[in-house]
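Next come the structures, one after another.
In what follows, chain A forms one complex with chain B and a second complex with chain C.
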Partner chain A sequence: MKRATWVRGLVVIGFILLLEALCRWGVIGRMTMIPPSEMAVQLWKLLQSGRYNADILQTLGNVLAAFVAAVVGGFLIGSILHALPRVRRAIDPFLATYYAIPFFAFYPLMVVIFGLNAAPIILIGFLFGVVAMIINTMNGLDRIPRVLVKTARVNGLGPLRTAWLIKLPSAAPQLFTGVKLAIAYCFIGVIAAEFIMSTSGLGYSIAYAFNNFDNRSMYALMLFIITLVTIINAFFHVWERRIMARRGM
Partner chain B sequence: MGGSVIDMTTGQHGRGLAREAGPGAGMGEVHAELRQVKRIYPGTNGGGVHALGPVDLDLARGEFYSVVGPSGCGKSTLLDVLAGLSAPTEGSILFEGREVAGKVPPGIGVVFQEDAAFPWLTVEDNIAFGLRRAGTDAAEVERRVSYAIGFMGLKDFSRAYPAQLSGGMRQRVCIARTLVMQPRLILLDEPFGALDAQTRLLMGDELLKLWRETGATVMLITHALDEAAMLSDRIGVMSARPGRLIADIRTHWPRERDSRIAAEESFGAITSRLWGLLRDESVKATGMSERAR
Partner chain C sequence: MRQLLDSLLVVVALVAVWQGLHWFAGDIAIASPGATAERAATLLGSASFWGHFAETFAALGYALVIAVLGGMTIGMLLGLHRLSGEVAEPILVSLYSLPKITLYPLILLIFGLGMSAKVAFGAIHGIIPVAIFTLGAVRTIAPVYFKTARVLQLSRRQLVASVIIPAAVPELVSGLRVGFSLTLLGVLIGEMFASQRGLGFLVMNAIGTLDVPTMMAVVLLLAVVAILISAGLLYLDRRLHHRVA
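== the complex of A and B ==
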């Protein structure tokens, strides 16, 4: 393993130990935070009891739905905009300022339109993820070297086979960045939406525990989310490294 | 210009990737011809950019023909229209007697200046790309690819990715990828433009070897006069834009030759002749003032 990896690992472990010590010594009060070791134990108990299984599944289902819609939709919209440069020029400023919009402000409106169910939550997750995918799709398609497309023509490839065999793999690194961002944004969107206005799901459960001074459950669930997102990110990170290593990046 | 019968030594056809010699191979039979070819690119405000022509050119089967010209004179445009990568605005192009119209006909292979190796494929898969797309059977793909890998000196790198190779080696991968398709006409668009001087010389030798081995007709676009003088049977000199062929020079080199031919007395004469023809055109192309002349 690289030295930087070791140092990074030590910093994280050191921080957790410090937190543990501060909580145990009473520097941080129990009403503020419980020691990390207790969070882990509590999480283990919660998972064993199965109390939150339905919420976990629901949140994961919402994230998955938002993620798939964002990736597929973002890829399609990005490809279409790339093919229509005029439309793209018109829309570009909106895409550039998109993430400045506070979507959550519109959440009540979405509830009015779709009702208090999973739809507005998935929609918020989707809205968060889709533009990252659109931008990265266009970026990837922009960067396809013209000479590769020419090579496809020399080999007698039609537009469909060129798209599949040349353009898609050529744009893969940028598409991958889009996918990675989309999953992160979908998690943020879905959990935050559940937090604000929902009657179930992980975000709701954390908010519920918070409102009821149930610190142990609240921190355990937070730990669960952090661990889950870290694992998913690590998976994508390793995959991306493999793709990039081949290309000498 | 063009249409003249080329005086060449008899084509030699080696093993491996060599095709059957056609009945007229090496006899000066016309392989590709351009008649009054013009290319005008549509401009932004109505007026077009006249990039090329009119050009008349006959390529004899099996000859090594080079085109030199000042930068931006339409050399690459000439290659594009001959390859069928873009359609001429006017005129006609025949390859083996059939019209080339905006579609690359089978039998033509193109090597570009830019790095055209697919970064997501290994050397082996890059070279096999065209054959697999054409539905060639696996045993034949294997045979041709391993021959090309050996021929281009890529044996130790067959499973490497392009990013792990030097620029010269990546260009060899592209040449090998063209070679395995057994093209009868190979078009090269400044293939060694991005390489250092020594690598260029060696790649030139390999190109000559490949040309002899395959018996293919070669058209090389280059801005390097020494490269053209060293490699070619015949050199076309292009004017500043719109590119027209203003001279046709024969080198009379033997078919068996390599970069050492640069030591020949006539090599210097050919290069200075080329420069004599090109100097004014280059001045025009770069927009330098008369005083520079």
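== the complex of A and C ==
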């Protein structure tokens, strides 16, 4: 395990160095891509100047709103569907094919309905994240060992305590997967929506910089998003490992 | 049979909600199901629609071929070598959850406007999930198969062709299903920003001219085609998993 972590670090660093070298030697033209070191310097300058602070905060706020709504909503819908097997069987094929629907195409429609503000952006993020949470909630609840539920009944636990002490911990690994997917999908949904049609936010800023041939700002912002998402992922990865390790898995 | 009926009821409920939204939001925002269906029928009868349709699905086809072949190769190589797999998996997972739309300017700067940019954009969406699924599939193959292959002194190529691929097929179909959805998404997003052809362009164009029925008709047709293909793959997926289990 330790060795893999080391090698992984080396691979990533090697890749960045390779990009740097290719850019410096002119194999990749400056019009296409600026060297990673310049991206980092530029990003540092942008963050210090505070030019994009409002956009960054807005995007993060939208992602957070979409994420919370997707996790809470997905958990509730998943639990309800789990309790109603007939409805669930009827809806199952739709859930399974849900992500094939290109619902970015609905985004402009939502702009028409809600206006050009945060609501349609958050809604797209929510729609993207919620189904992953629903599916994983149902999978998690499916995997609760029957014997544990019976034990709870024998010990006279009420429904609330059964849910809290038995069902939630047993379903936790799946729920965790759902949460991880939800945050990734919310990011994708929000930033893509801002990219397509918006007047502020990180996605918009990248599109704006691109349209104005402002490569330096564009790559700095791209680096920002990539770094941020990678850090969040790494955080969840480590957290999940901890939980699994505690359970001896 | 009953389940089919229930699913039909869900479709009816969805259409009812749609009609309700139409009454609530008005013609400007949402066309009624009837008007949308009518426009869809008109579109299906026009030659220009099929031109856009062919363009989108050609791009999707190329992108899928690249994503599936590339993803399977990467996944298989990494799956067969333990350390490489351990090194690469977290990298792949974090690439998977990156909002790849941020890379769109880069793709455009490299490929320029047109078909190749769309294909590239679709392929970068699809290749990673296929690789992740393949990696998982190869890694979970029972060790006894490998031992048998060694006893029979199979060559590397025989090992891949007659042991690994057959053993991993169910998971590969799962990967293909996820890959298909994401590749379609990538191609459409590509068309929405920077293209003069294809269904994504048609949607954006209809929005530009405030032609709500056309926009909804195109989205509806896209959704129907996507759901049909995905349902076909799902059916295959379930059957294959069933056969193995």
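Going forward, the second predicted complex is superposed on the first by the 248 of 249 C-alpha atoms of A that agree within 3 Å, B and C clash if a C-alpha of one lies under 4 Å from a C-alpha of the other, contacts with A are read in each partner's own complex, and residues count from 1 in each chain.
By definition in this document, a contact is a pair of C-beta atoms (placed from the backbone, for glycine too) under 8 Å apart; a residue touches a chain by one contact, two chains touch by 3 or more.
Note that the structure is a prediction, hence the values are computed from the model and not measured.
With both structures placed on the common chain, the touch criterion links A:153 to chain B but leaves chain C unconnected.
In the superposition on chain A, A:161 makes contact with chain B only, not with chain C. When the two structures are aligned on the shared chain, A:4 is found in touch with chain C, with no touch to chain B. In the superposed model, A:238 makes contact with neither chain B nor chain C. Between chain B and chain C, more residues of chain A are touched by C. When the shared chain is aligned, chain B comes close enough to touch A:170, but chain C does not. By the touch criterion defined above, A:12 lies against chain C but remains apart from chain B after alignment on the C-alpha atoms of chain A. Common to the chain B and chain C interfaces on chain A is no residue.
Note for the complex: chain B touches chain A at residues 83, 85, 104, 106, 108-110, 112, 114-116, 118-120, 129-130, 133-134, 161-164, 181.
Chain A meets chain C in the complex at residues 1, 3-4, 7-8, 11-12, 31-33, 86-87, 89-91, 93-94, 96-97, 99-102, 104-106, 108-109, 112-113, 180-181, 183-184, 187-188, 191-192, 195-196, 203, 206-207, 210, 218, 221-222, 225-226, 229-230, 233-234, 237.
Taken together, the chain A residues at the contact with chain B in this complex read 145-148, 150-151, 153-157, 161, 165-166, 169-170, 172, 246-249.
On the chain C side of its complex with chain A, the touching residues are 3, 6-7, 9-10, 25, 28-30, 83, 86-88, 90-91, 93-94, 96-106, 108-110, 178, 180-182, 184-185, 188-189, 192-193, 200, 203-204, 207, 212, 215-216, 218-219, 222-223, 226-227, 229-231, 234.
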